[in-house]
Every structure is written in structure tokens, then in C-alpha cells.
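Take this structure, written in C-alpha cells, and hold onto it; I'll ask about it next.
Labels run A, B, C and D following the written order; every chain starts at residue 1.
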Amino acid sequence: MTGEKIIFLIIAGVTLFSGFMVVTSSNLVHAALWLVAALFGVAMVFALLNAGFIAVVQVVVYIGAIAILFIFAIMLTRREQLDHGVQVNKNWWVGALVAVASFAGLVFLLQSFNGFSKTALAIPSGFDAVNQLGDALTSPAGYVLPFEVASVLLLAALVGAVYLAFNKK
Amino acid sequence: MNFWSDPLKVAADWLTGILVGWGMNAVVAHILLAFLGILMLASILMVLDIFLVWLERKVVARFQDRLGPNRVGPFGLIQPFADIIKLLIKEDTTPDGADRVVYNIAPLLSMMSVLILWAIVPLAPVLLGVDLNSGALFLIAAGAIGTLSIIMAGWASNNKFSVIGAFRQVAVMVSFEIPMLAVLLIPTIFAGSMGMNTIIQKQDIWYFLLSPLGALIFLIAAIAELGRAPFDLAEGESELVAGYNTEYSGMKFGMFYAGELLHAFTFGGFWAILFFGGYRFFGLEKVSPFLSIAIILFKALIGYWIIMWIKYTMMRIRIDQMLAFNWKFLTPIAFVLVMVTALMNALLRDASSWLYITGMILSNIILGWVSLEIARLVSKKERERVEGLKQPALSKAEGVVEAHH
Amino acid sequence: MIPLSWYLILAAALFSIGLYGVLARRNAVAILLGVELMLNAVNINLVAFWRYGDVAQMAGQVFAIIVFAVAAAEVAVGLALVISVYRRRNTVIAEELDILKW
Amino acid sequence: MNEWLYIGLFFIVGLIIPFGAIAVAWILGPKKPNPIKQSTYECGIEPVGDGWVQFKAQYYIFALVFLVFDVETVFLFPWAVKLGQLGLFAVIEGIIFIMILMVGLVYTWRKGMLEWA
């Protein structure tokens, strides 16, 4: 048991517990705050995987923007006190069964994958992930098209969301 | 390699030697020492924070033609310590119906979001903290945690003023994050890296001279991010009491207050790092790390002073004006500036450095001038429109006056 | 060193928790919270495969970034839909949005 | 990994210090709660209703526009890092990217969604 493994187990425990609280807490603002904790845990997992840029972007985009948007939306749609009612629908046990089955199935499938328990090679010295990412996102042989298409996607999302939320009948 | 030229490494080696001599694992000793070092840095920052309270009160007194604290100790220097003792022995009240856990976590997060910023501040060429290769984004990430703490504080207090204050503050903070992100691209383009230390190392000529407009936009966005005047509508006293921290008392309020002051000082430091060469000052940084620390702290203090100057000179802006100013003026300019800078950088890269600098400055000045002219034109039209609406009523009143004559 | 399997199992567990949230919650906003968890589980997988494969191949990180964009778009439109529905029907309970039955 | 260990330590210290300060204040301070002291502060008037009030939907629209711009600008950072070594082609790519972004801003503006009132 090395230090890295202990850190991983702590992070994974925090993440999964927070994720569990997201889907079970009855107060929606609490659920959103637990989501923040889970997202932060995922950011730490990224940091553990040496993907520093992705970890920071996770905090900026998810915690800084998406979680804030969720909290705003919850505050806007809470006219009656929903917090104390039943939070699950009548088919919740089917959902639980499907979730457990999907977890079991995923683990079963992954376990037959031959690289399942391989370990990572050391990162070559002088490797700069952000630089490589810049290369990949801008070179025509890389991912220029997804890069530009993502911009169009976000434009479409903005236009659609503005139209939907604020089109006065 | 002596203490004068690299104090941190000498001290760390010496202490590691002692700890390993006691039979401690080298890795554990390293982590323990890093922890203690960070604890020391954070404690120094908190002491500095106490000093900043005194400084702010003295400076604001001068701006308002008063003396400021001058009774306790020489120049009133003991005054902030007396304030802290008061905060420590105050009763800590929690309002009815407050969400206790969230209510108590919020001040911790608020302070933490400021302290972690110092992880990426390079104090000297050898005193780095961490040279993160996504440093510029780390700045925004820490700001995101601060935003979250404000929402938590406002929501958990179960107070209408707190909630409204928090939401206004957050709306402003997130809005001004966009121009800030955009102008952070500019030092990144010049230095070819997001790491704070690399940005300083590459800054043979201050980026302020290459992009004065960018530096200005960064300062404005930073003040809005801090929630200080003229962007302090969360604590519009006449309408919202004290904003999101209305229900906080004692040390928990102290954390929000101290966090704000330290945040202002920290942003002064980042302004210096990104646009004024950080710890570099005509080669003086090569003499000793101690001199570098003095230089960067001095530059940060100047930045802090400018933030204070603006705070005590300008009046508060209304929220609609503030958001309009951001989305209709600052954000478009910031993005156009990024495009112009990228283009000029690509075109003039191979030209002589004088041509490069002149081109950059000229493009900045022209862009600033054109946008100001456009803003002036639009506001003139707007004024005429508003006056046109008033016209019928006015002419009627004039008619009455004429009749009297 | 941590074997790849640990990350994959973490991602699978997070995905399943998110799936439960999507299937079982009544509130539409809570369903979207579950979707966020699922997207994050996918991201863990993408970055883990980047790290455990050829590091110089940036595909994993690029895809993770694209997933960020998709998540942002999904949240923006999804929450706008919820708010739009709330303004018309005054509810955010998914089961009560059954007007298409008739 | 190592640098993230330091960042993690910074997070821990950043939590310990304010926690310590608040804990000391909690130990030293008096604890005499009473209902009037505990009631929420509404300028000295009896509190009306609970703490939750109806919000302007405009808060949401600003958060929405912010979200889209935030994600897009984050995309630009790897581009900016690499820009010094790339030709005009990459610059044009970035400019097209920002232009598409600005279309969204102009649309929101023309729809009158950036007005507070």
C-alpha cells in the first residue's frame, strides 16, 4: 500500500459518497452542493492522473459555472416547498436495480479487457501537456474541426437556451 | 549555494538532514517540511492581513481628510490587534432556520479561496511555491471557489437580504470573470505559457507596455471580482444591509473581511506579476531572493493602493449599469483585444523588437480610442432618446411659463 | 502505482450512481444533476486511458475537453427547458409533465 | 504529481487556518443565545416569511451567458499557449472561434436579454 494508493482511496471514497448524497438528499440546494463536492473529487482524480490542465478546467467550468447555474435554476423553480415531499418516483427500485446491474455488468465486461490491471509508464521528462494539447487542438492533422464545431455547438446552446427560457408568449 | 542566494533550499536540506537523522522516512520528512513551510507562509500572510487592516484604515482616512487610527500604539499600529481581540471574544450567533453546516463552511471556503492563490505566486526565482503550467486558470479556479462560498453564505443565512446580496454579488462576479479570462490570454500569448514564473521570466519588457488596455481591463475585472467599490452593490447599505454576510458575527465575519483585504492585496500582486514583471526590477532580482521578495511585495502594495484609490474615489454603480458595462463594453473589447493581439503577434513576430513594441502599443491605443468613441456616440444617442421622451412634458411646462409672461 | 482497474471501477461506480439519480428522482433539476455525474464518470475514463496509454497521444484529453463543452451545452439547454416548463406548468416534477398522453 | 501534492497541502492549510481562528473565537466567546438575538436581521423589524424570495429570471440569463463564454474561453488557453510557435493559420482559427462566440453575444444583445429591467 503506497501513499498514492491511500490518497486515491480517500479521494474515491469522498467522490462516491458525495455522488451518493447528490442522488439521495431531499434538499435540492444540498444536492447541488454535494455535486460540487463530487466534482471537486473528480478534479482531484484528474490531478492524480497527471492531467493538471483538465483538473483546473474541471474546477473552472463545473464548479465555477455549471454548479452556479444549477443553484440559480433551483432558486428560480422553488415556489412551493418541495424539499419535504417524497423525492423518488414510484419506480425508484427499478432504477436502483438497473444501476446495480449496470455497475456489475460494467465491471464484468471491463474485467475481461486485457489491459485491465496494467500500470502507467512514467511521464517523460519535459512533457508539457498544455503545449501538446495546444498542438492537438490547432493542427489540421489533429482536432481543429472538433475545436471549431464545439464553438458552434455552444453558440447553438446559447441561442436555444435564451430562446427557450425567455420567449415571452 | 549559500543561505543568501537560496534560503529555502538550504533551510530545507538542513531540516531534512535533522529529521532523517532522527530516523524519519525521507519522503515523509519532505512532506512534513513542505506542510510546515506552507503553514508558515500562510501565517505570515495572516499577519500581513492584520497589517493591511491598519493600512487600509490609514489610507482611507487620508483620502477623506481624517487621521485614522492614532490612539493605540505608535501611529495606531496596535489598533488592528485590538480589533482582533474584540472579534475573538464576541459571541458567535447563528440565526434561526440557518443551515448550520453550510453556514459554518462558507467563511472557511472564503478564506481558503484567497490563501490557495499564494500557491502559484512566485516570490523570487528560487522561492516558487508551485510553478503550475496552468497557473492563469488556477487564478480563475480559486475565484470559482470564492463565488461558491458567497452563494453558500447567502443561502444558508436564511435572510432575504443575504440571499439577494449573494445573488447580486455572484451575478457581478461571474460576469466580470469573462473579460478577466479573456485578458489572461494576453500574457499567455506573449509568454507562451500559463505558468506564473514563466510569464515573469519571459517579461524582459513589461507586458503593461505591450498591452496597456489589457492591464486596465484586468484591473477593472479584478475590482469587480473583489466586490469592492465601485462594484460593491452586495453591501449597498441602504437596500441590502451588509449583503451576504449580514448574519455573520465575530470571527466568521472577520474571515470574510480579512479575506476581502488579502484578496485585494493578492490581486495587486497578480497584476504586478502579469503586467509589471513580478519580482524583476532591472536585474535587482539576481542579487538576492530577499530583494526579490521586497520588490514583488512593493509592487503588490502599489497595486493594492491603486485598488484602494479607486474604491475611495468612485461611487457605487447600479447593478444594471454594471452588467451593461461588462457585457456591452468590457467583454467585446476584451475579445477584440485578444484577436488583435494574436494577429499582431503573428505578423510582427519576426520584426525588430522596436517595431513589435510600437505596433502593440499603437494597436492598443487605437482600439481603446475607437471603442471610447463608439461608446460616446451610443451614449449621446441614448441621451437624445431619453430627452426626446421627456420633450412633450417639458414643452408643456415651458408653454405655461410663456403664458405667464 | 495504481493499476488502471481502480480508476475504471471508480468511474463505473460513479456512472451507476448517476444512472440511479436519473432513473429514480422526480425533480427534473435533480435528474440533470444525475446526468452531470454520468458525464464526469465518462471523463474519468477518458483521462485514465490517456494516462495509461501513449501519453503523447492527446486524444483522451481532447475528448475530455469536448465533453466539458457538451456538458455545458446540455446544462444550459436542459435547465432552460426546466425553467420554461416551470413558467408554463408551474411544476418541475417530471411525472406531472404528461400532457402529451392525450 | 508532486506539484499537486503541494497544491493539496495548500488547500489543507487554507482550511486549517480559518478553522483555527474560528475555533479559538468559539472557545473564548460567550454563549448566551436567546430567541430575539437568534432571529434573522431585517433592520430591526419582525422577520416576515422565510428567507427565500422570488428572483428575477434575469439572474439566470446572465449565468447562462457566462457559462457559455466561460467554456469557450477556457478552450482558447491551449491555443494561446501554442500561438507563438504556430503560423497565421492557427491565428485565423482562433479568430474564427472568437467570431462565432461574438455572434452569440450579439444575438443575446439584439434579443434584449442583456437588459436588466
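One rule holds for everything that comes next: a residue touches a chain if its C-beta (ideal position, glycine included) is under 8 Å from a C-beta of that chain, and two chains touch if they have at least 3 such contacts.
Just so you know, these numbers come straight off a predicted model, no measurement behind them.
Comparing the chain pairs C-D and B-D, the larger number of C-beta pairs in contact belongs to B-D. Averaging Cα coordinates per chain and for the whole protein, the chain whose average falls nearest the overall one is D. Look at the CA centroids: the one farthest from the centroid of chain D belongs to C. Taking each chain's centre as the average of its CA atoms, chain C and chain D sit 21 Å apart. Inter-chain centre distance (chain B to chain D, centres taken as mean C-alpha positions): 14 Å. The distance from the centre of chain A to the centre of chain B, each centre being the mean of the chain's C-alpha atoms, comes to 29 Å.
Centroids built from CA atoms put chain C at 6 Å from chain A. Within chain D, the positions touching two or more other chains are listed as 3, 7, 52, 55, 57, 59-60, 63-68, 70-71, 74-75, 77, 80-83, 86, 94, 101.
Of all residues in chain B, those that touch two or more other chains are 132, 134, 137, 163, 167, 174, 177, 193-194. Among the residues of chain A, those touching two or more other chains are numbered 4, 48, 50, 52-53, 57, 60-61, 64-66, 68-69, 72-73, 75-76, 79, 129-130, 133, 135-137, 150, 154, 157-158, 161-162, 165.
Taken pairwise by the contact criterion, the protein chains fit none of the simple patterns, being neither a path, a ring, a star nor fully connected. Remark: the chains found to touch one another pair up as A-B, A-C, A-D, B-D, C-D.
Partner chain B is touched in their complex by these residues of chain D: 3, 5-7, 9-19, 21-22, 24-26, 28-33, 35, 37-43, 50-53, 55, 59, 62-63, 65-66, 69-70, 73-74, 76-77, 80-88, 91, 94-95, 98, 101-102, 105, 109, 114-117. Chain A makes touch with chain C in their complex at residues 2, 4-5, 8, 12, 15-16, 19-20, 22-23, 28, 31-32, 35, 38-39, 42, 45-46, 48-51, 53-54, 57-58, 61-62, 65-66, 69-70, 73-74, 76-77, 79, 82, 86-89, 91-92, 94-96, 98-100, 102-103, 106-107, 110-111, 115-121, 123-124, 127, 129, 132-133, 135-137, 142-143, 146, 150, 153-154, 156-158, 160-162, 164-165, 167. Within the complex formed with chain D, the chain B residues making contact are 31, 34-35, 38-39, 42-43, 46, 87-97, 104, 107-108, 110-116, 118-119, 129-132, 134, 136-137, 157-164, 167, 171, 174-175, 177-178, 181-182, 185, 188-189, 192-194, 241, 246-247, 250-252, 254-255, 319-320, 323-324, 327-328, 331-332, 335, 338-339, 342-343, 345-347, 349. Of all residues in chain D, those touching chain A in their complex are 1, 3-4, 7-8, 52, 54-55, 57, 59-61, 63-68, 70-72, 74-75, 77-83, 86, 89-90, 93-94, 96-97, 100-101, 103-104, 107-108, 111, 113. On chain D, the positions that touch chain C within their shared complex are 57, 60, 64, 67-68, 70-71, 74-75.
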